[in-house]
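The data blocks that follow each hold one structure.
Each of the two complexes below includes subunit A, the first together with subunit B, the second together with subunit C.
Presenting the complex of A and B:
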């Protein structure tokens, strides 16, 4: 499940809840695609309640990195649980997306484009 | 020790597969950290088989067999879908930067499987595709 909150004119927060696998990735893709179409290019991703993520979930974010970048935007992930962070690390995602500790840091990172 | 699970080929059953694995691995007394690695790798292999091998055809069946031997755990995933070995190779060859540039994400699951498991084999037996994943304990 995803909970969406607007942060500013071009920034959005997506809170991920529960398990994000190949099944849930389809819905996440729709949400991000719509957010970008609506002009939100700076996206904070709250992972506090994210219990599990598979490559399909991460794949959705990866497929939009270039598009956000072309609009001076980015994803910033925060509050990652250990098992979720380990998936980011195995795939080397920590080198291409911003990961911060909390929401305040995430907001600051979003505006450092 | 051996445990089996059978499910229709639909992504909505991936959560059931993970629940089966967590409970089986707990019963087999597999350590917590290793348990998560095995569940993630098997989830990726099942997602590949369901989505790419069987086109999410709910009339087809995916079968899992988990075996614990002395110092290793083997999971065999079997189905009757179509495996494209060239597609598998192409997916594995892409770097993360290439995937980002091409706005695609295929192949990440295979990278996870190979990173997390000690032995990965894809082969056919009696007209059935087998993905065999082995982890040293």
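Presenting the complex of A and C:
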């Protein structure tokens, strides 16, 4: 499940709740693609309530990385649980997306270019 | 009667011969022949033989008839009764009383004989056939009653012939036969189970039989016949008893049937519903086809409500053009007109809340439908929906202005209900079939995927290599391979395609080609990953990625060179230090970023190997396995411990041991494929090397 809230003109917050598996990935993809179409290129992802993320879920974020970058945007993930962070690290995602500790840091990261 | 046919035929002949013979003798008596002195009772014996012969002849004839239709028997009996009555009345009508009492002419003699013969034959046939009809479907008790009845019938003439004409005994036999007959008469199954079409004709025959038997019995007691019959009918107990039995059977059955008729009409409706239910059920089972099922509904409701037309259409609320018309007895043009009107005036054709159908009487006077010239004059509309959410409509058209009564309306409602039930069965069956097909596809996919994995690993004197795995319910995206390089180094690969199911499996198949062709040129780890990442970026969709661990085990140099492409870190047991390490270095999955940026992240690592070292490659299915309550992951710690505690096992057994451990941890819930490859450096390999 995802909860979306607007942060600013071009920034958006997506809160992920529960498990993000292959089924959830389809919905997430729809949400992000709509956000980008609406002009939101800076996306903060709140992972406080994210219990598990599957490779398909990761794939959704990965597929938009280059598109956000071309619009000077990015994903910033924050509040990752230990097991989720481990999945990010093993895959090497910390090299291509920003991972921060909390929302304040995430907001600062979003507006750094 | 289980006699062979030949036997029963000869019995019939025997009974016929006795009947004819005794009848001939009786005629002689009538013509004036007197019994010889030494046989004073000959006439009584002859009479008894005649009765018994007739009785057995009728029994045999009935048993000889293969099929047993009550109505047909009753028709035959009625005809027989009519002939008998005609024979009895004819002489009285044809000739004056005086002429009849005068010297009997030869034809009168024959006439008398025929009258007697037919009377006895009719009563016997009535009694035997009637109770046979009742007793036939009955229980063992009713068969006993039937036997008792027959015994009494046969006993009467025998006793009479012997001169044992004791009134008390006669009364007892009469009473017994009467009681047996009466007890049988209350077995009315045969009347209840009568086909609705036969019910009225059966009633008619039974009434006719009652009337005929009544008249003939009266004639027996009060012979208005002014001449002597060869048989003294009124004094013959046999004739009287059979006569009363025939009358009792026909009259009581007729009365019962008469009072049963109104109930039968309701039973008919139930019967029709049952038939429909069975037919629809069979149809559903046979065809698994909704169209056939709905066609059955149209056909059945049309025939049972005597509508002139019936059709089923799928209702489309957005357009009057309704698909799927199943038509019986009306033109498509008329249906289109009606559909259009129904669509254009939804308010006008609103259902009553209490009813599940709408009936439009006098279509000519209807403000909406009256505008069209239609072939029907009243219309019943039954809307219904199916399990899949589709809306349908059954329409019945009648040639009369008021074609539907309450009974029929309810019956049609039931038909619609049955059809909905069966349709939901059909839907379920179709779903089950589709699911079975899908499952078959998946199992084929899984089989194909297994074939992508190497069956055997190169046998090396220096290393013991084995791989194993467990598939999840779905087809997964695990892949591993092994290749012996030119310098006898061993290249091993463990990969996991993102996602699950068929797309992942197809990508695995694609990657196998890429990986194998790359491995043929014996690349070093960095080179391999760089090339593989370019291939993945080129071939795969955005968002699809692969994690890879590629390692070269150089047994000559005793070293391990590897790159971790975002895959689960390799586990290395160092035999010299007695320590176990998880080699988690930086590394990025394939297909996430493009060629050059990716190449910059690549960093090959080297690890020194020793005899007895163990290298374990695996997929995330193992470390991410969770307890059934999903509370805890298997994790790296447990995996390391398991390897450490079982290091003395050979590669194959170690793999098995680890998989067993994971399974007992996670119970039956396997969420993801688990694959595992173990390489043990052999001690003798090192020795050989040193030698």
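The rule is short, and it goes like this: the second predicted complex is superposed on the first by the 113 of 113 C-alpha atoms of A that agree within 3 Å, B and C clash if a C-alpha of one lies under 4 Å from a C-alpha of the other, contacts with A are read in each partner's own complex, and residues count from 1 in each chain.
Heads up, the rule we're going with is that contacts are C-beta pairs under 8 Å (C-beta built on N, C-alpha and C of every residue); 3 or more make two chains touch, one makes a residue touch a chain.
Treat the numbers as computed from the prediction; the structure is a model and nothing was measured.
By the touch criterion defined above, A:3 lies against neither subunit B nor subunit C after alignment on the C-alpha atoms of chain A. Looking at the shared chain after the overlay, A:90 reaches both subunit B and subunit C.
Of the two partner chains placed by the overlay, only subunit B lies in contact with A:23; subunit C stays clear of it. Under the contact criterion defined above, the residues of subunit A that touch both subunit B in one complex and subunit C in the other are 22, 54-56, 58-60, 62-66, 83, 87, 90-93, 95-96. Against subunit C, in their complex, subunit A makes its touches with residues 22, 29, 54-56, 58-60, 62-66, 83, 87, 89-93, 95-96.
On the side of subunit C, the complex with subunit A involves touching residues 477, 496, 498-501, 541-545, 547, 565-569, 584, 586-589, 591-594, 601, 620, 633.
Interface of subunit A with subunit B (complex): residues 19, 21-23, 52, 54-56, 58-60, 62-67, 83, 86-87, 90-93, 95-96.
The part of subunit B that touches subunit A in the complex is made up of residues 11-12, 14-15, 18, 36, 40, 43-44, 47, 50-51, 96-97, 99-101, 103-106, 108-109, 111-112, 115-116.
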